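Shared between the two complexes below is chain A, which has chain B as its partner in the first and chain C in the second.
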Partner chain A sequence: MRRRIDPVALLALPAAAYLLFAYGWPLAALLVRSVHGPGGFSLAPFAAFLSDPFSWRVIGNTLSTAGLTTLVCLAVGYPAALALAWSRGIVQVVLLLSIILPLSVGVVVKAYAWQIVLRRDGIVSQALVGLGLWSEPQRLLFTETGLVIGAANVFLPFMILPIYSVIRLLDPRLRAAAATLGATPLHRFLRVTLPLTLPGIVSGIAFVFSLAVSMYVVPSLVIGDRYQTLATLTGRAFLFMRNEELGSTTAVLLLAMAVSIVVGSTALARRLGSTG
Partner chain B sequence: MSSILSGTPNRRALLRGGAAASALLASPAILRAQTRELVVGGAAGHKSWVEEIVVPAFEKAHGAKVIFEGTRSLVNLEKMQKNKDKPYMSVVQMDDPVMILAVKEGLLEPLTAARVPNLAALKPGTVHMDGMWANYLQPWLGIAYNTQAMKAPPTSWADPYDPAYKGRIVLPSIQNTEGLANIFAAAAIATGLSLDAAQKDADAGFRKLATLKPNLLTVYTQQPQAYNLLEQGEAWMISSAMSSYALERKAAGAPIALAAPKEGVFAMPSGIAVVKGAPQADLAFAYVDALLGADMQAKLVGPTFSLPTHTGVAAPAGMPAGMVVHQIDWANVARERGDWLKRWDREMSL
Partner chain C sequence: MAAFLDVAGAEKRFGSTTVLGGVDLAVARGEFISLLGPSGCGKTTLLRMVAGLLAPDRGRIVLDGRDLTTTPPHRRDVSVVFQSYALFPHLTVAENVAFGLKARRRPAAEVAATVARFLGLVQMAGFADRPIRALSGGQQQRVAVARALAVQPKVMLLDEPFSALDRKLRETMQIDLKRLLRELGTTSVFVTHDQDEALTMSDRIAVMNRGAIEQFADPVTIYRRPATAFALGFVGLSSRFDGTVTASEGGIITVATPAGSLRAPGRFLPGSPVVLGIRPERMALGDGADGPDRNGLDATLVEVAFQGARAHLYLAVGGGTVVTVEAPEVPAGAAPGAPVRLSFAVADMLAYPADPDPALLAAAA
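Coming up: the complex of A and B.
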């Protein structure tokens, strides 16, 4: 029996063609370059990079900032997504706007704004001293904490929106049913809402983590040259050191991290979706 | 045409316009024959003074058109490499360390006294590698400071190490050319050698620099960010700072000033060279000669807050008195920079 191509699949053709040109091709060139030097095929650049303890510090920096940023986004974003989904009318419109609108402000502008907010005499420091939590003004700017705060601000909508879209589809009668059976609000949340929204959480994590692991502008402005990540190291290798070998090595490592997170979480979301 | 401008085009006017446009497009050779074009590659930050001072004077004198492409030195290098067989840029204005790379890759045409007569009038040490490039200006490196936060200006390269300035000092990354001076200044403080002799002892410099870490606010790669911090008082000093940037901000009214430490300052030379196989070669050499000449340098030193390289031109008004200017050994830098950067990453990181 001959299988026919579903004509609906043709709708993906423009996007597929575009991605092939603008993404697939350069990506293939990058992958080839990372293992193919002047002396033929070799994994030596990877071995050299990974045998340097400093590289592991850079990888550690990359993973820890991305991981912490994702956690902060989840902690702040999940309640926000619930509020967004359960609100009605004008409140919902205002909430939605306040999540979408910041996306139109450039990352550079946001990073500069955080530089002002996180200073020693900035509003955060003043507030914490005023509340008696800090004995003297301190700066969060150019620290890892400051970087995570700034990055979480930039990437928060990418956590809220996928979770919101899942919550919105939940049947409200499920919670009502649980309530009539005597479940407490906490119990209803833990046993009904949370499990059903896991697919949204997983895709939010995938979005935010893959964006945060490869961010370049935010760390270069909010923490500076003293804290290298794989992305900033890649940029420097290409733009400044003109070391294409190092640049393609770090870029491929970064890609591998991001892809494994995205593929892993997609698989997880599918499993959770089918059993949930 | 008037109907097009007033916003109500009729069909006939459009046809007329279209016919005129296609006639123009069909005869590019005629247009080109009228004016000779010279493409100059340089730093984006230089665009304003090149286009306001250099280009009008040169175009008037030579009846040519100059197109200045302002970008980063390394991008210029990239452009030269990619178009090596058929260059379209004729002249490049780049940092000296990048010039060394361009020479290594065989991208430059040497300057000769016959084609560039002003070479003979330059200060010693401003023509490099047998005339491959020359310096047309020398911005200098000192310590920029916030005049409201600091009661007295810094007087020594050792001042930023004072524990009183905890978290108030900004350094350039050594991937920025102006950042290299810190290694040499630190080596000079640590060893007691002069700023010239200390350049050979980068190791001492790095050990000294590591003791500056408690005082560091940040290490920048983007100058505007650093000056933003300085002008708003979060940072108190930028060590080392380029005169061409710091004094321009001061002139614009920012509460900052640039101090020349007693050990001396470094010259941060701006180089100019002719691209190998350059189109309009005669014009290219004439452009280089103009920038090396006394007339042009006298006009440029003020607006660029730099020192002249022509022996017949005086330093601009407002330079600190008795300032000793030291040269950086760029060949040494070109050899060692990769290792220095590695060491910097490891020892200066958070």
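Coming up: the complex of A and C.
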């Protein structure tokens, strides 16, 4: 059967055209450059990159910071999304503002704040010592932990907002029905709220992971050159090393990761959404 | 006899509006009662209180000898069929019915057997593995009933469960549901704004108006002896005459109304404003059958509504009042504009104190 194009899809035309010129075109050029060496088509740059143990450490760094950042955002963001969706009146407004407003503060400003917070004598270090978790004050700045804390700070709204928008649409009578059927609050959460908000969780994870896997500014500011991820390496290759081959290779690898996350999670969210 | 479900002095305010003003309701074990009243009169609010989904500002709720007033909903043994069914969209039909049993940690074999039994009882046995979204409204309604009954609750609450169904389906479902609940002996509180539904299904009906129960009685009493002018007007058809008592003697009042002077049983002081009412089937077109125990009025035929088994005649009497008369068939030669004589027994008249004028109430407050 031939499918006719839904005319409503035409509404996306300006966005599609814009993306094609501002994003698709340079991206295509990049793709071509990554497989087109002086001697014609070649996967040699990839082979060379992947045979270097340093590259694997970079890939490992990239995945672990992105993964940890996503986990931190989920652990902190899910309860926050519940609070936001179930609060009323002025409390809800305040919560919403405190989630949205930080988006308007630039990363550089935030990074300056982290310098204060993550110092050896900063509040985080002092709190951990005070709680008995650390025996002596430590510096979090320039560590991977500091990077994850900073990144989670920047990307948290992108976890909270998709989850919040799903929770908000949940029929409150479902929880009421579960309660009258004898379900305890925990049972209600595990069997009703959580499964029905999975699509929101999946999109939140997709947002945060794809942002965190490709972040450049945050690691540059928090940790500097000693700790490389695919994104910072790409930046260095293009901006400082003038090594376009390396830059294209790492950029394409990064793109492949992000695309598989987005495609995979979209498919998952659609499947969850069709039953939920 | 102590009531099985006893709501005493239940009060609820939202902000400055009183939604329930001290409601008392005593339901016997195994009884099927209806809360009947117009939209917004507080039926759902009362139901949510019994279910534990809403805390009363004042009053008590006792079920089977246990004070539930502060018990959370999951420890009440009170099931609810919600107006929109509130089925779990991520679960199948069988999983929905199993939900309450699993929440109560019943063994898997018992859960499976109970689910099968209740799906059978609501004639949904073949649908166990269907997703909810694949069901029609009537089927969803049956699943919601099965889910609520499967936990064998002490009380079953139903909030306008048929309001989204078309009339034909609604009538079958009413009969099926009533029979099922009677067979299981489940104490039930049924909310509706549909008087026919309440009259058909209920052992007793609580007629609600503006957050209060105006009458709680069996359907025949509600119809024959409405306790208030509101109950008369809300349940069944009736004609209404507003007037002032001119004479009162031997339990019979004479009332001056715009339609003419009418007599009715009642004890009011002369000068009292009253509302008189009468059912359509208690009025007849007659010739000169007026006697000391009958009222008579001259009227003009306005409209005839043929209804199959009977006919309703709308007649204009004096003062712009239109009355409804039920006749076994359309009278021969009935044409709009024809003059007729109405006759009806004084004993069939119902008399109530007139509703206080809201403007006067406001002024007194």
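The rule is short, and it goes like this: the second predicted complex is superposed on the first by the 267 of 276 C-alpha atoms of A that agree within 3 Å, B and C clash if a C-alpha of one lies under 4 Å from a C-alpha of the other, contacts with A are read in each partner's own complex, and residues count from 1 in each chain.
Definition applied: contacts are C-beta pairs under 8 Å (C-beta built on N, C-alpha and C of every residue); 3 or more make two chains touch, one makes a residue touch a chain.
Computed from a predicted structure; not experimentally measured.
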Simultaneous placement of chain C and chain B on chain A, clash or fit: fit
Partner touching more residues of chain A, whether chain B or chain C: B
Partner chain(s) touched by A:L196 [first = chain B, second = chain C, both, neither]: second
First, second, both or neither for A:R173, with chain B first and chain C second: second
Which superposed partner A:S220 touches (first chain B, second chain C, both, neither): first
Touched partner set for A:M241, first chain B, second chain C, both or neither: first
Touching partner for A:L181 - first (chain B), second (chain C), both, neither: second
Chain B versus chain C as contact partner of A:L20, first or second or both or neither: neither
Which of chain B and chain C A:V263 touches, first, second, both or neither: neither
Degrees between the directions from chain A toward chain B and toward chain C, using C-alpha centres, nearest 10: 150
CA minimum distance (chain B, chain C), superposed complexes, angstrom: 47
Chain B and chain C contact sites that coincide on chain A, given as residue numbers: none
Contact set on chain B toward chain A in their complex: 74, 167, 173, 175, 216-222, 225, 228-229, 232-234, 338, 341-342, 345-346, 348-350
Residues of chain A defined as touching chain C within the complex: 171, 173-174, 176-185, 187, 191-192, 195-196, 275-276
Chain A-facing residues of chain C, complex: 51-53, 72-80, 82, 84, 86-90, 99-100, 102-104, 131, 147-148, 151
Chain A - residues contacting chain B, complex: 54, 57, 112, 115-116, 119-121, 139, 141-144, 220-221, 223-228, 236, 239-242
